[in-house]
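Structure incoming, see below.
Letters A, B, C, D and E mark the chains as written, and numbering starts fresh at 1 in each.
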Amino acid sequence: MKNVDNHKRKNSHRRKPGKTPGLPPGSLVHHGRRRTDNVHIRLVDYSATHIDEIHVNDLEKLADYSAKDSVSWIRIEGLHDVTVMERIGQIFDLHPLVVEDILHPSQRIKVEEYDRFLYFVVQLLPVKHPPSNGNEWDVEQLSIVLGDGFVLTFHENTSEFFEPIFERLRTMKGRLRKRDSGYLCYTLLDMVVDRYWFLVSALGEKIDMVEDGIFRDDDAVTLNEIHGIKKRVIQCRRLVREMNRLCETIMREEFQFFDRSFNVYFRDLYDHSLRALDNVEHHRESLTNLLEIQMTLTGNRMNEIMKTLTIFSTIFIPLTFIAGIYGMNFNTNRSRWNMPELNWPFGYLFSLGLMIIFASGMILYFKNKKWL
Amino acid sequence: MKNVDNHKRKNSHRRKPGKTPGLPPGSLVHHGRRRTDNVHIRLVDYSATHIDEIHVNDLEKLADYSAKDSVSWIRIEGLHDVTVMERIGQIFDLHPLVVEDILHPSQRIKVEEYDRFLYFVVQLLPVKHPPSNGNEWDVEQLSIVLGDGFVLTFHENTSEFFEPIFERLRTMKGRLRKRDSGYLCYTLLDMVVDRYWFLVSALGEKIDMVEDGIFRDDDAVTLNEIHGIKKRVIQCRRLVREMNRLCETIMREEFQFFDRSFNVYFRDLYDHSLRALDNVEHHRESLTNLLEIQMTLTGNRMNEIMKTLTIFSTIFIPLTFIAGIYGMNFNTNRSRWNMPELNWPFGYLFSLGLMIIFASGMILYFKNKKWL
Amino acid sequence: MKNVDNHKRKNSHRRKPGKTPGLPPGSLVHHGRRRTDNVHIRLVDYSATHIDEIHVNDLEKLADYSAKDSVSWIRIEGLHDVTVMERIGQIFDLHPLVVEDILHPSQRIKVEEYDRFLYFVVQLLPVKHPPSNGNEWDVEQLSIVLGDGFVLTFHENTSEFFEPIFERLRTMKGRLRKRDSGYLCYTLLDMVVDRYWFLVSALGEKIDMVEDGIFRDDDAVTLNEIHGIKKRVIQCRRLVREMNRLCETIMREEFQFFDRSFNVYFRDLYDHSLRALDNVEHHRESLTNLLEIQMTLTGNRMNEIMKTLTIFSTIFIPLTFIAGIYGMNFNTNRSRWNMPELNWPFGYLFSLGLMIIFASGMILYFKNKKWL
Amino acid sequence: MKNVDNHKRKNSHRRKPGKTPGLPPGSLVHHGRRRTDNVHIRLVDYSATHIDEIHVNDLEKLADYSAKDSVSWIRIEGLHDVTVMERIGQIFDLHPLVVEDILHPSQRIKVEEYDRFLYFVVQLLPVKHPPSNGNEWDVEQLSIVLGDGFVLTFHENTSEFFEPIFERLRTMKGRLRKRDSGYLCYTLLDMVVDRYWFLVSALGEKIDMVEDGIFRDDDAVTLNEIHGIKKRVIQCRRLVREMNRLCETIMREEFQFFDRSFNVYFRDLYDHSLRALDNVEHHRESLTNLLEIQMTLTGNRMNEIMKTLTIFSTIFIPLTFIAGIYGMNFNTNRSRWNMPELNWPFGYLFSLGLMIIFASGMILYFKNKKWL
Amino acid sequence: MKNVDNHKRKNSHRRKPGKTPGLPPGSLVHHGRRRTDNVHIRLVDYSATHIDEIHVNDLEKLADYSAKDSVSWIRIEGLHDVTVMERIGQIFDLHPLVVEDILHPSQRIKVEEYDRFLYFVVQLLPVKHPPSNGNEWDVEQLSIVLGDGFVLTFHENTSEFFEPIFERLRTMKGRLRKRDSGYLCYTLLDMVVDRYWFLVSALGEKIDMVEDGIFRDDDAVTLNEIHGIKKRVIQCRRLVREMNRLCETIMREEFQFFDRSFNVYFRDLYDHSLRALDNVEHHRESLTNLLEIQMTLTGNRMNEIMKTLTIFSTIFIPLTFIAGIYGMNFNTNRSRWNMPELNWPFGYLFSLGLMIIFASGMILYFKNKKWL
């Protein structure tokens, strides 16, 4: 029960390998952060005609439910108790490598077929509280085991993610109650894709704001901020792409618990994830463009400032030179060739006029050249 | 009947998912903007020998027409009335997910095969009024359901898009009247590709103008404008690419309502869309090149200005220094070594000559070095 | 007979779609520029033993020739007379979409198989007069219809392209006279690839000259010029790539008029076009590199100039400051602390010496730092 | 026994070819650096019930062990004695090209199937002492020959790499003792992937530190350092990618010593390597981003400094000009138009006031323009 | 016998097409530079028991040898005598297009299967004298015809390339003498790959030197030099890639003269070429990185210089201003407000002190801001 993930909470993309180096494969060690104090196991057993909700305290009762004809949804919250996990694995005859994967957060999104069940790993993004600072989102791993007549879900937090589904089950409305465990599993995957959609859209709005800010020359748009958005877009892209590949796999391979009637549903799901992927790729391209545009605009503004300042200085240079000329101390008494202007009655005005002519000439020249 | 699309009218590429998160799949909720007040349903029933145009008020009559031997084109304008949509779905036996897709704007361009019909989604671009500002085009979704002897088209606006086809149907000229519903569907797709062509060409002309402007150093070409064109090119590219893939799918898969005689037509259509794709890719590459060239040219011009100004300043620096020398107040009476020039009869002219020599020397030097 | 291509003569890559929007597919309208006043039709009928050259005035005679045992090469120059095209289409039983394609310039390079003939579209580049300004080459479309015992070629200009082939036919030398219509068609395609080769080589030499110019710091190499060459390289690349794909298609698919003995010839042709493609890709990469190198070299030179000028100015700044010091008017009579240097016998020389020491010190410092 | 690798110890990625040019293929020459003085051969012979560890001095005894029913792990340390290698090759009937490959360090990671054995080449990275300077890691090649009932491992150094496996074998815990030679081989590969994981994570932490440093404007982050990390990331990427491909090959092809029960293990291994690859790709992208950001930030800071300095200078320029004006020596006695200010009672204060007004005005202007 | 290649000796990558435009395919014209005055034909006839070396003067004798049971290696040096080539083509029944290809240098690396022989084209790089200037290497084409019991090699120069093979044949050592013509051909290909390896390694060392030079700020590393290395790396990459593809083709397709026992050899060869390709790709990436790093470092150094100079100037500006103030000529007699400092006993020291305070303040400020 080590807590090796702690020092890299910052960038959750850096996923840990499945086990500590040196341990044999299949060793059951919990690698996630311990988030809840107790393991909560809830069971929803339903068919078209009945629905039971039970808070399970005795693991052994699970075996009974899994054998029943109705659909049993067993929801395990908190993964830190290895003994419990091991026992569940035995009851449902899960492969040791599956239990090992459940215990380790940050697997790839994937589906694996075993003899008696399908094993899904998906990653949830926090739809409620998107972080405002420039880091990646904390992802939460959701493991789903789909068997004949039962669905197991494993996750760490007491998440509100499942509420809408509970609601739909309770109200007896819709197809959910009338169909088998495969349909429940599809519904869960569908909600995950919807979540991605929500965040992809939120990122899109953020990018629009940034774009407006850049063209309005808003100081609030910092490089740091764009970098942060980019990080989240890249995180999102990876998850959406993996989810898309998951949908494709389900469509292509004929898995046991999804009969032909599921084709149209998973085609729909695949389509949604593909569109999300399209958008997130578009976001990424937009961000790259925006970064370039911002750099160009910043550079142009800086150049404009420097040019103006330099022109300003340049205009004064010959004026100062003229003033320097008439500040020379040549002896006007020695000869009439020595700075006769100093003794002219209007010498001062002559020099000022000279300066004005020079300055105007230069300004006209620069205007003509469109430098000003 | 929510209006969730409103806050992102600006960038229509950000397509919404098929449903509100939490709703079960297949829920019929209208997600587009409500554009017309009433749902208009028009029916054109034709064969080689007759043609009828009817404005349908009673949905139930549609069932009769769809069963007839002639080709029935039923055109539904305005998608906001969910009840109507649901009833049409029942009459023509459409899958709930199809009706859901029809109600949601901004799907991918796609074709889906169902048992008794083909379902197409395409996106129309506004050929009449290309926007002059730098945003994307508003797309309008057109859903086509091709069944045995009938074609359903669903769209939001009372669009003039279909007029030329109506015209061709009425005049009894051409193959259209003599052939089946599949040919009508092909004609619709053909018009969509023609529209893309038109816009791709319009973008090309715009890019030519921008290129001319850049090399003529036209101030009217702003970064903002090029960015706007690029956005539209990218939007266009996505649509054309999806349309191209649609054509390829039809060519490759042997769909039920397109017999072998359609091969040559869809090969032609595929060819057209492929050429449009070629051009739009070329536009994109051109724009990237133009942006780089503009940046380089802007940079070069700025450098040229700064160089000229700096050289100008540099020439004056030693002159001012000489004037500074002869502005020093050393006591010429104390010794003959203290600034004897001040008492020379031609000291002033000597100093001016010194300055002229310095300035000319520097100018020659810079000319020699090709800095000037 | 519209002239819609006129306004985009500049960039010929922007190919028009196959028809005016709104027209039904297969409508016969001539879209190219009318280049010759009369349609010239020449017929070369040959076998191993005889060769006839006829200038055809009466279209109906063509039918007789096409039925003969010998090879008939019918060469149609000028495509603007739609009636003639239509009649030829009827005589040789061409599909309406083929005639439509022949009438529209700027199709993709392609081959299409029909029941009784093969239809090729290729694009000719003007080998004689490569344009010196920075635009793309004008391409001319050549349509070839290869049937059993006859070859039709359609093009707009009275081109000298075919002369070498006529020559070889007349001289009775080589395989050409002894073989069938497929070999004539192969010979035509072979000449098109040779033309591409010629232009790819010409571009390569141009690029070498530009490279030399850049490293010799030649002012004649402008950004505009490189941009122009790049445009032509990109145009060339597209055509060569399409031609390469055409050869590949012929190799892969077993077309009717090319028996097994053609395999080795088309493998050779494919090889040539692949090498041309290699080279043109290499040209493109070289140009991109050269642009970067030119930008870097230009930047470095500019930096060098600015550095030199700034160092020059910097050396004078403390000198001018010293002159400024001794130009101050403190009253030397008031106290012996007020600018005693002014009254020193060698004050002036002292100040000049100070300046020389400062200047030398700075120059040494900059030399030491390798800034100078 | 040449030492040709010496001059390129620096960048170990530059792998040597399999032989000296001119030598026939299959020549046995040792190309690695000689690292140990003696060849150590250790043998571990085990089954579920027994385990023997022997230090082998007489090569001929190996033949006996390889024939036994138990699993024999023969570990050869030090590859410089070609005679020994040759003899081992004969005993285990290895192909000459395999022995040649074993003797040459820096092969690709690969698996090759021979009639009676599988031959693996993998590359070990030094997990204990990651280098702090900017060079690549020294890799050590590990060759594994998996036969029926025996595993041969060849490597140069007395490496502590195998210790954990020895430990697991000795303690009789876990599956390792109960299973065949294939499982031992899998365990070795599993440890290699774990090592890569460790280093990929270490690189990730390093990159996080660099990122923090860049945004905190830390001078400790030098271009040289980032370049060094990038080199190691690229090295890591190549190895991980090859390892991933190795796992994929084993999964796809049905190799002789891995029966169906191995599928789930190699799928797991493939998954781990794929995640490592994901991360290392992500690292690479991050580094590229960071380099760009650092360049931009450095440029922005430099621009900010130059702007501030230029504005400072610009403010003083008109002030110095005014001082220059009143330093002119026009004869105030000659006319009342000649610099009357000099004789005003408050002329000095007037001039100072003028300067203050100018300076304030410019500062306000710059503040208003947000340049300051 | 034209010499069309002369004007592009510089960049040998620009390969000529197979024939002069307008010539019929299969025309035998020699397109390479004539390098030797006489065609040398040497024959090595060997089996496990005998070896004969003959200098062939009479072409007709070749027919006898090719029919014998032993392996005949016929080595033709100098390709300019078309009559000889034609006769050899007839004796060994080569296809005219093969003879045409042999006569033209700079074909792609390829293998072509004909009914009675395999035709290889490979490109040799000059391993002995790698050019020091920045151009590409001169390649020499080697054509190999592998038939039943004979191998023909065609090349232009009296090359020392074959010496090691002759040596191995003579010494009767190794497999070469005991095996058939296919093994001889494999040995030749193996030597070509070894040559590529040698040059890839040489390029790697060159790049290491450049990298060291860049980080040591060595003036010897010019942009021109890096550009030259890049050109050679790109040339190398193209050849290695084509060679790799050649090996792959041989592995995949079951060519007639390579029985199953060759599989392991060609797998080895493929592996070597793949590693060479890896390295050359790595070199290319390194060069791109180095160019960027060099540009950044150059830019940073220039910025550092400009900053230092600007700060230096900036410090003097207020000092010169103060000197300017006290150089004003206000009449101190008119009022006590007019420049009283001029009459202070310590006015001069006061002004100097003011300057020192200003200068120190600014230096401290800049140090504080880390600008200095």
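Throughout what follows, a residue touches a chain if its C-beta (ideal position, glycine included) is under 8 Å from a C-beta of that chain, and two chains touch if they have at least 3 such contacts.
Nothing here was measured: the structure is a model prediction, and the numbers come from that model.
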Chains contacting each of chain C and chain E, listed by label: none
Approximate Å spacing (C-alpha centroids) for the pair chain A, chain D: 27
Distance from the mean Cα position of chain D to that of chain B, given in whole angstrom: 43
Junction residues of chain D - those touching two or more other chains: 306, 310, 313, 320, 324, 327-329, 339
Complete ring sequence of chains beginning with chain C, oriented so that chain E follows: C, E, D, A, B
In the complex, chain E residues that touch chain D: 127, 164, 168, 174-176, 187, 190-191, 193-195, 197-198, 201, 204-205, 208, 215, 264-265, 267-268, 271-272, 274-276, 278-279, 282, 285, 289, 293, 296-297, 300, 303, 306-307, 310-311, 313-314, 317-318, 320-321, 324-325, 327-331, 334-335, 337-339, 369, 371
Touch list for chain D against partner chain E, complex: 7-8, 10-11, 13-19, 21-22, 24-26, 95, 97, 107-108, 110, 112, 114, 223-224, 227, 230, 234, 238, 295, 298, 302, 305-306, 309-310, 312-313, 316, 319-320, 323-324, 326-329, 332, 339, 341-349, 351
